[in-house]
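Below is a structure I'd like to ask you about.
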Amino acid sequence: MRGFFIGRFQPYHLGHHYVIQHILEKVDELIIGIGSAQESHTLENPFTAGERIVMISRALDEIGTKKKVYIIPLEDIYRNSLWVAHVCSMVPKFDVVYTNNPLVSRLFREANFRVEHTKMYNRVEYQGTEIRRKMIEGEDWEIFVPKSVAEVIKEIDGVTRLREIAGKDV
Amino acid sequence: MRGFFIGRFQPYHLGHHYVIQHILEKVDELIIGIGSAQESHTLENPFTAGERIVMISRALDEIGTKKKVYIIPLEDIYRNSLWVAHVCSMVPKFDVVYTNNPLVSRLFREANFRVEHTKMYNRVEYQGTEIRRKMIEGEDWEIFVPKSVAEVIKEIDGVTRLREIAGKDV
Amino acid sequence: MRGFFIGRFQPYHLGHHYVIQHILEKVDELIIGIGSAQESHTLENPFTAGERIVMISRALDEIGTKKKVYIIPLEDIYRNSLWVAHVCSMVPKFDVVYTNNPLVSRLFREANFRVEHTKMYNRVEYQGTEIRRKMIEGEDWEIFVPKSVAEVIKEIDGVTRLREIAGKDV
Amino acid sequence: MRGFFIGRFQPYHLGHHYVIQHILEKVDELIIGIGSAQESHTLENPFTAGERIVMISRALDEIGTKKKVYIIPLEDIYRNSLWVAHVCSMVPKFDVVYTNNPLVSRLFREANFRVEHTKMYNRVEYQGTEIRRKMIEGEDWEIFVPKSVAEVIKEIDGVTRLREIAGKDV
Amino acid sequence: MRGFFIGRFQPYHLGHHYVIQHILEKVDELIIGIGSAQESHTLENPFTAGERIVMISRALDEIGTKKKVYIIPLEDIYRNSLWVAHVCSMVPKFDVVYTNNPLVSRLFREANFRVEHTKMYNRVEYQGTEIRRKMIEGEDWEIFVPKSVAEVIKEIDGVTRLREIAGKDV
Amino acid sequence: MRGFFIGRFQPYHLGHHYVIQHILEKVDELIIGIGSAQESHTLENPFTAGERIVMISRALDEIGTKKKVYIIPLEDIYRNSLWVAHVCSMVPKFDVVYTNNPLVSRLFREANFRVEHTKMYNRVEYQGTEIRRKMIEGEDWEIFVPKSVAEVIKEIDGVTRLREIAGKDV
């Protein structure tokens, strides 16, 4: 059984990490779609798809799964009625979608896909918006992402980029 | 050292296979970009990006490399002057480009990338156009692709698709 | 004389219905343009162009006009300076535009079209935003749309779609 | 039962006319999709979608059917894997597709639609390419289109447009 | 030395005027990029690129510089990671970027460009948003733009356009 | 009186040069539109819009006109029915179009513009296709372009780019 999970991963954090570990117990292969792949250098989407691929790849190394995982950037198609067809053309066939997003859930179910909800882990602190805010404000953010992801963000000097875009002196 | 190699892989064939094996001897990590990812169901581009990802992934399993390989679909951007920036935003950073395509080579060198030519293997038979022609005409094509790729094409009944699009009775 | 009237029809409601009946008294033929045709499955635009075509078509059957009416979906062109040319390429020639929208009015008048204002009918309750809100909140909405349109929305289970996208339990 | 038929209608000719009459005997409602709706003023696609809508509408008046017919312009989406979803979002639901085009046929059948072939009428002379050539060369073309369509083309002075674009003195 | 300066110029005002005069003292040639060139007829972007070109051109005549100035409309590319490449393809080569915009600054510095901040002149009143608000409200706005620009805006009856789009009676 | 002249200028050659000199005798101001501005690095369109702007600007310096000339890159809009509106939004208002292109001529005349033909100068040798062929084949091409344009092409090493894209050893 192959599963599909999608996120924007701005950045990849422990919320994603625990959900993916959980899904990996249930599927034989997993596709991780990176949504809004074309976006970068904004307050909402600071990191490029390429940078996010590296984050996810390193985090998966931390998990150390033996299962095959496909990490695939997905550009926005800007038309909800075409989005499922777009995803299906860009990734290997899959049997089940894991998501808590109401729109993603609705679109896949209208196309007769099996959709399952994912467990939530500390939804207050493990969320991209909050982590990006901490980065901008100079608060502690490393504890909310896997160790390897914190390293990637440092390698690309990601916090400086985010702070500069936010108009903060750096 | 991380290398970048791009192709359309319509389908992935032994020419690709030998080049990739050769490159894998020289790099620590390899990015395989799938060009014209948005194309499918045409005589030139019969297979979806998702199908091509599976072909490449299975072919890499055949090779059995220990090195990390990223397989990344790349949609066309339709502007040569933006193409290198587009690729760089979608994939992890890389140090060297392997290509024999004059345009790819020129664009990356204008952007100050190191570009290396790849060895050619039986350029007459190991080429997509010829293999697709054989599929349409009902000739023997399996011997020009890795065994695992032939299986993928059969799983998705790819030859029937190509023949139908070509207007052949099936 | 051929008239042009445009709306998003999310959904088609009695406000549209009365205006169109009024316009039909004045023109020989009417073009009804469906704006933002490419949008669907959002809180602002829950219904596809195809679904909206059926709503309008059935509502026109209720009116029972003998006059020729063209119902034409219009995708957004995202450039105001091109919008009139876009509309004119997609629909039959017309002599007069009926609209109360300031931008639509301005753009057509800059292009030397005759523009007429339409009568307003119960602008408080006959408006898409309010009707969609009632659908989401489980309030009574059927009385604000033609009977045939309420049937269409039920056939496609449109309220469930809207509620799900809004993240409401259904 | 609702049927779907698609063409570019450059221009609408007797081949289309007879096929549509034939289909109308079999369905309760018919959707006529106008492909490449965004194209105009080229040798292949001289007429705008709006002009083609008028041609089809007048031709249907000639037929005098009592059945409901939807005439809907469809812009190209430039991705075969999204095309069926695109069509389905823009038109009312349908039960059967009538086409002889191998790609259209394949795409709808991959999406599990019922596809039926249409009868061919004088495929040598009733074809757009040949009729456009006659228009350019100043040969007799009116006999290959319905009378009402010839009138529409004269009203918009369509032959002059085509000849000018072809670089002919007019 | 050739400099690059970008703005939306909705409209061109004295803030721009003083900055450009200041930059002209430092460079041999100046490129003025007109951002969001495809936008017009909105509250944020009322003027077309063509109209903005005339404003800037006349304002430069007022300055009376002998140096070569290129005025170039730049359509949005909607992808930050491609934006610098887009700009570089559309304008002559340049040595230094003058900007106070954090995103523009960051993007050019990531691409290894020299970026310099510009002096600010009366940032409270010399700003587009405030001048457009005055136009809509019928307040005095001419004193915040060069005399020649006020004339251009009157020639095109720009205030009426803005007021109409804002839904004001005119 | 303001005139409009459009070309792709791949490269700007003596044919353009003489036509522009001729037009400059008749108009007060001239707009030179650079068509297919987004194209570059192809056999048909080797030079970027920025490079072509420099060619035209230097060639105008050679002419030494006192009249105001606007040089404006125009991206393709890919829809003939929108093209005139697109041009008009991007450039200052103009009174007359100078062109020998049948499509450009037709589109502007359908939009009620005054269109005038331009004189032809040595149409055999002064044409882009032929000059690019000479560049690729290593033949003498400098004599067919203004001296200043030959210098620009050398500065950017344009012939090497074209030869590389053509797959020639360099």
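By letter and in written order, the chains are A, B, C, D, E and F; residue numbering begins at 1 in each of them.
The rule we apply is simple: a residue touches a chain if its C-beta (ideal position, glycine included) is under 8 Å from a C-beta of that chain, and two chains touch if they have at least 3 such contacts.
Given the structure is predicted, the values throughout are model-derived calculations rather than measurements.
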item	value
Angle of the C-alpha superposing rotation, chain B to chain C, to the nearest 5 degrees	180
Whole-Å gap separating chain A and chain E, where each centre is the average of the chain's CA atoms	37
Cα-centroid distance, chain A relative to chain B, in whole angstrom	26
Distance from chain E to chain D - Cα centre to Cα centre, in angstrom	46
Contacts with 2+ other chains: residues of chain E	38, 40, 48, 79, 81, 88-89
Full enumeration of touching chain pairs	A-B, A-C, A-D, A-E, B-D, B-E, B-F, C-D, C-E, C-F, D-F, E-F
Sites on chain F touched by chain D in the complex	78-81, 102-103, 105-107, 110
Sites on chain C touched by chain A in the complex	38-42, 48, 161, 164-167
Of all residues in chain D, those that touch chain A in their complex	77, 79, 81-82, 84-86, 88-89
Residues of chain E that touch chain F when the two form their complex	37-38, 40, 48-51, 53-54, 57, 68, 70-73, 75, 88-93
